[in-house]
Structures are given as C-alpha cells and as structure tokens.
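Heads up, the next two complexes both have chain A, just with different partners, chain B and then chain C.
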Partner chain A sequence: MKVAVIGYAVSNLEWDAEKTREETVFEVAKSALENAGVSREDVGTVISASTDFLDGRTISNCMLIGGSGAYLKDESKAEEDGMYAALYAAQRLMAGVHDIALAVSHTHSWIFNPHQVSQYMLEPWFDRQNDLINGITLAALQARMYMEKHGVDELDLAEVCVKNLRNAAKVPYALRKLHDITVEEILESEMFSDPLTELMIAPPCDGAAAVVLASENVAEEICENPVWIKGIGNSCDNYLRDRDLAKLNSLEIAARKAYRMAGIEEPFREIDVAEITERFAHQELMAYEALSFCREGKGRVLIEEEMTEVYGDMPVNPSGGALAGDPICATGMIRLIEAAKQIRGEAENQVDGCRTALAHAQWGLCAQKNLVFILGDEP
Partner chain B sequence: MGLIKEKYEKTMQVEGEWNIGAYRYKAPEGYLDEFVKNFRDRKIIGTLCTGCGRVYVPPREICARCFQKITEKVEVSQYGEVLAFLVSPPLEKGKVVIAGIDAVQAGFLKEGEQIILAMVRFEGTSSSMVLPLLNAKPEDVRLGMRVKAVWAEECKGALSDLVGVEPAFDVRFK
Partner chain C sequence: MGVVRYEGLPFVARFRWNTGKIMEKFYGGFAERQILAAKCENCGYTVVPPRVICPKCSSKMNENNLVKLDGRGVVLSYTVVRKKLDGKGGFVTLDKPEVIAAVKLNGADSMIFAKIGDVDVEDIKSGMEVVPVWAEKPEGRLSDLLYFRPG
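Let's turn to the complex of A and B:
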C-alpha cells in the first residue's frame, strides 16, 4: 500500500503570536484540508504532535479536538516531532483501515521557553545534579567533539548559518529572514556556549503545521499532483553519555533504511533536495555525513564548495531549515512540507527538476532520535 | 491567577503555574547508593556488561547494546580523557548548584570565575561524565588531554565528593 501527501499548510512562525494554540492549529488544519480538496467528513484519522511540558497541561490533545478537526474521530497523539505524527498517520493508512489522514503539529514556545525545560530531559541521578548541563551546553560539547575530530572550525558553522538564513529571506513564514547576513555577524552575535553563538542556535518560536495523507487509490482519484512517500527510516540511539556524540549513528541507520525502501543506491546523485532539522549549526554538517552525501568528516567540504546552496549539486535546506525558525514540534513536519513543495514545484527557493526529496526530523538531546522520509513524484 | 496585560485585541493572557511538587525518582539497588558510598574511599565504581565487556560509569543497570541486565561491578581508573569541553559565562553566587551544593558558597569555585565543563571518559570505560575541569585555564585545555579525579578534602560518601577533574600532567603548550 502506497501513501501520498495530498495537502499541507504552515502557519506564520513568530515569537509571541497573537493567535492562541487552538486557533493556530485550526487555521493550519483547515487550510491543509482545503489545499488537499477534501472536507473534515472525508478524514478517517487525526494524529497530533506536541509536548505536554511545553503546552503546560497534560494530555494536551484533549483541548485540541475542535481545532484539529478530530471531533468524534479516530484520534491519537505523538509526544514528539510532527513528522512522527505523519509517520503514524502513514502507518494507519498502510494498514488499510483509513483512506485519508490528517497530521497536525504545533508548539507555542512563548508559553514556556523550551530551553528552560531541556534540563528535565536529563537523567535525574547524575546529570541533573549539575546546573550547567542543559540542551545548549550539551550541543556545544557535541559541536566541540565533532569539530576537533574532523578539523572543522567556527567559520564552517557560520557558513551553514549564512546559507540557511539567506535562503529563509525568501520564505514568507520564516522567523529569521536575514538576506544580507555575513559570517562575521554570525560569529559576533552573542556567545551562548562556546563555540555556539546566538545565530547558530535554532530560535524557538510559535507555529503549527499540518499535512493531509491519502492511500494510493484515493490519492490518485482526488489529487492532481500527489507527492508519494517512497521510503521511511526511523532509529533511536542510546542516551547521550553512552554513545559517540561526534557521529549521528541513528541518523545513518535511519537513512540507510529509507534508502533501501525507496531503492536509492547513490544518495548524492539520486536525491535532488534535502530538508533537514538542524537545531544547531554543526548538526547540519554531521547530517551530510550521516545521510551519505559525502564521506565521514567531509561535511565541511560540501559547505565550502557551495554544493548545498540552492544552485548547488546537492541543495540542503532551501527553506532555511530549523535555524530560520524552530516551532519545536512542528519543525520536522515543516521540513516534510517543504520537501513536498519542492516536488510539486511550489517552493520559494525552487530547485530545478526536483523529483526525489529527503525530509529529516530529529528528537531528543544531541539528536538522539532520527526519522527520514524519501518523497517522490511517482508511486 | 490574574490577567497580565492587554497587548492584543484578539487574545489576552492568563497567568498560570504548574506546581506539580517533588518527584521521587527510583534507582535500582546497588546503582546510585553503592557508586556514591565508594566515594568515601575515593573509589570510582562502574558496571561491567558480561555480554560485550563494556564498562559504564556512572553505573548502568541495563546494557542497551546487549539487551541484558548488568550485575558485575568493577573499580575504574581515576585517570581519564577529555572528550569535549566548554567554557561557561562568569559565575554568580546562588546560580550554580552542583550535586546539591552551591559551588560558589562551598568555595571551590570563585564568584566571577569562568567554569570549564568537560566531558570525561575514565580509562577503560565506554561512557562519559560531564564534570567541572579545575585548576586549568581555558586556553590550556585540549581535547584528548589526560585528567584525574579531584576529591573533596573530606569525603562523606556523597555525590559532591567528586568535585571534578584536573589536568593529570603539567604540560605547557607553546
């Protein structure tokens, strides 16, 4: 059973949004259904994604039934990135129980700063005893390990930010649109935790996203240009202390699974564009290697040779990625939507002749868990 | 509960807190207590997985790779290697609590000082610990440098006995 993306919607990404959580979700759910050309009655199952900690209430999907259109429907929630909601929705369609699924994801970071709670992701016995350990300092340690192992310097990280933030200038909903940013400005922005400066860290913000998925027969019937999900790979690594932080092993395994399912043998040649979640600048370079776009340790070369620019051989994050705006749970789903837009030819930074696209979402401290989707223009 | 401000026409803000009280985290027997008790004798204990021979410090009760329970315990070296480090912003009193005590008040870190956090892998182990790196200047720290454990003057068998690590050798970089 094949599954296709037939509609999507992204809300504006902003800090301190005027709309409430429910309104934002209602807006994206409604416009995603409109975009797909279906109504709420056609939808069989609804999956939402958000985290209770950031919503400030437990079982937070209960309050969202109205907004997400799940009233009296088969509904469930993923306490993870929105792309996992899309994964569960796709699996429900593949099981043959439903024909059309709606996946929504949202986070209002303004309600509660996500960096404030990153400490509670740590294990309580040892790591949480130390006040200085949190999501950002651990990412800085990871960056330091990676940079030392492969001779990467701060300039390379800044290059990643420059590429992504300049790309984001054209994207209407992005939070950080900096079309004339320079490497110097990135390095001179406020130092959060050496070597990571403010602009190298994805800015948490308010936002939501929704996608409509459909099974093979329905998608072909009601949609003119469905985007097909050709490969899925998912992998979760050990807790950060017991693994090699300088390498994204779980992403490598997830990518390999997805490539095998989609029949991709040479990722660099066969994939036209990649949309990846880089919460911190160094993670984009690490992802190049884990996704087999280059050999281990050579991620730096791709950015230096401008291969991952929109006009390059292997465009990565033409939408600006997570660095342009990070509505925690919706970030991965926005990557999926941007990848689908590239295949449909609707993207702002359109890559010419795009037929196969990759979308990636991460979850956990130092990208512990990774999910990869391969999208294509034919089933 | 109160209304905070009227910034927008369409939405208003309601203040709220989530006071869920204290949690009681459970640790398996012989996991945290034995690890910490051995601090009295200035010993670091890890667990040894009989499936793969990996040693975990701090102890782990389950080996994720072998999917089995770990029962063996071994003493590990006091010497280790710096895998990664970072330099914090200047410290403020009452802001940094490490292992239950205020580092500034306890006197082993000075106010206004910068603290170096190091990810340390003790010799022969497969996991790492994040500890403060003491008696070193930020510009002298290198990845892969050898460090040794620093103990409190009087060890009481508490997590705060292991104050941090310091460079094991007096190496001068030029």
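Let's turn to the complex of A and C:
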C-alpha cells in the first residue's frame, strides 16, 4: 500500500504565543484538512505528537482531541517529533485500516525552558547530578569532537547558519529571518558553550504543524498533486556515553534504510533537495556525511563550495531548517512539509525541477534518534 | 501582552531514585578514592559508571563484573561553559567560565562527562591526560569526586 501527503499547514513560529496550544493545534488541523480538500468526517485516524515533559502535563494529547478533531475517532499519539506521528499514521494507512489520516504536532516552548527540561533525558545517578551537563553543553562537546577529527572550524559552522538564516528571510512563518546576517555576526553572537554561539543553536519557540496523509486507494481521487512517500528509515543510537559522538551513526542507518526502500543508489545525484533538523550548526555538516551526500569528514567542503545553497547541486534547508525556529515536536514535521512543498513547486525558496526530496527529524541528546523520509512526485 | 499567565504548579517534584546495587558499589568505591566499572564477560565491553545490562551486547551483569580503574583518563573533547542553567529554566552567565570534558578513563570503553579544574581554560586540549581530584574526607557519595585535573 502506497501513501501520499495530500495536505499540510504550519503555524507562525513565535515566542510567548498569545494563542493557547489548543487553538494553535485547531488552526493547523483545520488548515491542513482544507489544504487537502477533505473534511473531518473523511479522516479515519488522528495521530498527534507532543511531549508530556515539555508540555508540563501528563497525557499531553488529551486536551488536543478537540482541537485536532479526533473525538470519537481512532486516535493515538507518538511522543517526540511530529514526523514520528506521520510515520505512525502512514503505518496505519499501509496496514489498510484507514484511507485518510491526520497527523498534528506542536510545542509551546515559552511554557518552560526546554533545555532545562531535557536534562531529564540524562541518566539520573551520575550525569544528571552534574549541573553543567545539558543539551547545549553536550552538543558543544559533540561539535568539538567532530571538528577536531575532520579539520572543521568555527567559520564552517557560521556558514551553515548564514545560509539557513538568509533562506529563512523569505519564509513567512519563520522565527529567525536574517537576510543580511554575516559570518562575523554569527561568531560574535553570545557565546553559550564554545564553540557554540547563540545563533548556532536552534531557538526553541512556539508552533504547530499538521499533515494529511492518504492511501493510494483515494489519494489521486482527492488530490491533484499528491506527494508520495517512497522510503522511510528510522534508527536509534546508544545512550551518549556509549557512542561515538563525532558521527551520526543512527542517521546513517536510517538513511540507508530509506534509500533502499526508495530505490536510491546515488543520493547526491538522485535527491533534489533535503530538509533536515539541525538543532546545532555542526549537526548539518555531520548530516551531509550521514546522508551520504559526501564522504565522511567532507561535510565542510559542501558548505565551503556553496553546494547546499538553494542554487547548488545539493540544496539543504532552503526553508531555513531548525536554526530558523525550533517548535520542538513540530520541527521535523515542518521539514516533511517543506520537502513536500518543494515537490509541489510551492516552496518560498523553490529548487528548480524538484522531483525527489528528503526530510529528516531527530530526537534526543546529540541527535540520538533519527528518522528519514524520501518523497517523490510519482507513486 | 495582556494575556494572563498561570505561574507554576502548586507543588515541587523532587524525584528520588533507587540507585540499585551496582551503583551503590560505585559510590561506595569513592570512599576509597576508587572508580569502579563493569566489564562484560561476554563481549569484554567495560562501562563506567557500571550498569547491570551491557550497553553493547545486552548481557546481564552484576557486582561480580566490577573492575577497578586507575582513575586516569584522556580528554576526548571539552567545552568552556559561559552560560549555565539555573535549575529554574533560566540561563545565567558565569563570571568565571567552567569547563566540562568528555573523558575516556583508562580501561573503560564508554566515556564520562566531568568537570575539569586547576587549569587555565586556554591550556585545555583534547588528548590531555587527567586525574580525579577527591574530597578531603570522601564518604562514599557522588560529591566525593570533585573534578578532574591535568596530571
């Protein structure tokens, strides 16, 4: 059973949103259904993605049932990123249980600093007792380990930020839109934990996203230009004390699975655009390598040669990526939506002749867990 | 903004954790200024702090798998922390930056994250050898291990 994306919506990404979480979810769910040309009655299953500990409440989906139109329907939740909700929804369709699924995701970061909350991802007896260890300082350790291994410098990291934040200037919903940003300004922004400065760290913010998926039974009937899910790969690495932080092994495995399913043999040549979740600047370079866009250690060459610019041979994050705004659970789902927009020809920074796109979501400290989708314009 | 914000919950949750037998031994070792690891009999992977399931091959381990490390280690990576979380969701700028490092202890296959002291931040390098600095009167508690220093 093949599955397609037939509709989507992204909320404005902001800080200290006035709308409640329920209102934001209602708006994206309604817009996505309208975008797909279906009604609530047509939807078989609704899968949400939100996280109890970021939401400050247990069973964080229970108050979203109304907003997402899930009441009296088959409903479930994927914790973590919204792309996992899309994966869950796609599996429900592939199983032949339903024909149309709605997947929604949201985080409102103003509720409580997500970096403080993510300390609860640490093993409690040793790591969590060290008040200097958190998602940012660990990412800084990962950055230096990767950079020293492969001769990457701070300028390369800053170039990633410049590319993404300039791309975001054209994206209406983005949080950090910095059309004229320079490498110097990235490097001179406030130092958090060296080598990571403020602008190299994805800014947690408030936002939501929704996608409508349809099975091959109905997709082409309902939608003029469905975007087909051609490949999926998912992989989770060890706890961070037991893995090589200088390499995104689980992303490499996830990508390999997705490529095999989609029949992709030469990713650099066959993929037209990639939308990835780079929570920190160095992770984008590491992802180039894990996604086999280049050989290990050569990620910096792609950014130095401008190959991942919108006009380059392998555009990455024309939407601005996570560095332009990180509504945590919605961030990966937005990458999926931006990848689908590229195939439909609807993206703000449109890549010419885009037929195959990659979307990536991550979760956990130092990108422990990774999910890759390959999308295409044909089933 | 004219929006009413509800501040906090009417209780503070300070979670307590059962450390389990193997971690009790690990802390107990601190009283003797000793760092214990668990060595898997099946695959040989040595993990510190010790665990009851091998992270590599999932074999069961217990107190009999404990081995003594000499405490010395090598810095794999480090970061100079300028902003730290205050435990209440705020970032505070440190007047005096602190350093944490990923350290591979001699004889261990996993790494630990530890504070580094007694050194100028400019002098810290990956590959540097470090040794633990213990409290004057160690009592078998986590707080006995103060930090690591070059040595």
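Structural remarks
Keep in mind that, in the parts below, the second predicted complex is superposed on the first by the 379 of 379 C-alpha atoms of A that agree within 3 Å, B and C clash if a C-alpha of one lies under 4 Å from a C-alpha of the other, contacts with A are read in each partner's own complex, and residues count from 1 in each chain.
Convention: a contact is a pair of C-beta atoms (placed from the backbone, for glycine too) under 8 Å apart; a residue touches a chain by one contact, two chains touch by 3 or more.
The shown structure was predicted, so the numbers you read here are calculated from the model rather than taken from an experiment.
When both complexes are superposed on chain A, chain B and chain C occupy overlapping space and clash.
Of the two partner chains, chain C is the only one touched by A:N113; chain B is not.
Contacts of A:D131 after superposition: both chain B and chain C are touched. In the superposed model, A:R241 makes contact with both chain B and chain C. Of the two partner chains placed by the overlay, chain B and chain C both lie in contact with A:S193.
Note on chain A: of its two partners chain C and chain B, the one contacting more of its residues is C. Of the two partner chains, neither chain B nor chain C is touched by A:K257.
Contacts of A:K73 after superposition: neither chain B nor chain C is touched.
In the superposition on chain A, the residues of chain A touched by chain B in one structure and by chain C in the other are 18, 56, 124-127, 129-133, 137-138, 140-142, 144-145, 148, 191, 193-194, 238-239, 241-242, 245.
Against chain C, in their complex, chain A makes its touches with residues 16, 18, 56, 112-113, 115-116, 119, 124-127, 129-134, 136-138, 140-142, 144-145, 148, 190-196, 238-239, 241-242, 245.
Against chain B, the residues of chain A that register as touching in their complex are 18-20, 56-57, 124-127, 129-133, 137-138, 140-142, 144-145, 148, 191, 193-194, 238-239, 241-242, 245. On chain C, the positions that touch chain A within their shared complex are 1, 3, 9, 15, 17, 19, 23, 47, 49, 55-56, 76-85, 87-91, 98, 100-102, 109-115, 126, 142.
Against chain A, the residues of chain B that register as touching in their complex are 8, 10-11, 16, 18, 23, 25, 27, 31-32, 56, 58, 60, 64-65, 83-89, 95-100, 115, 117, 119, 126-130, 132, 143-144, 159.
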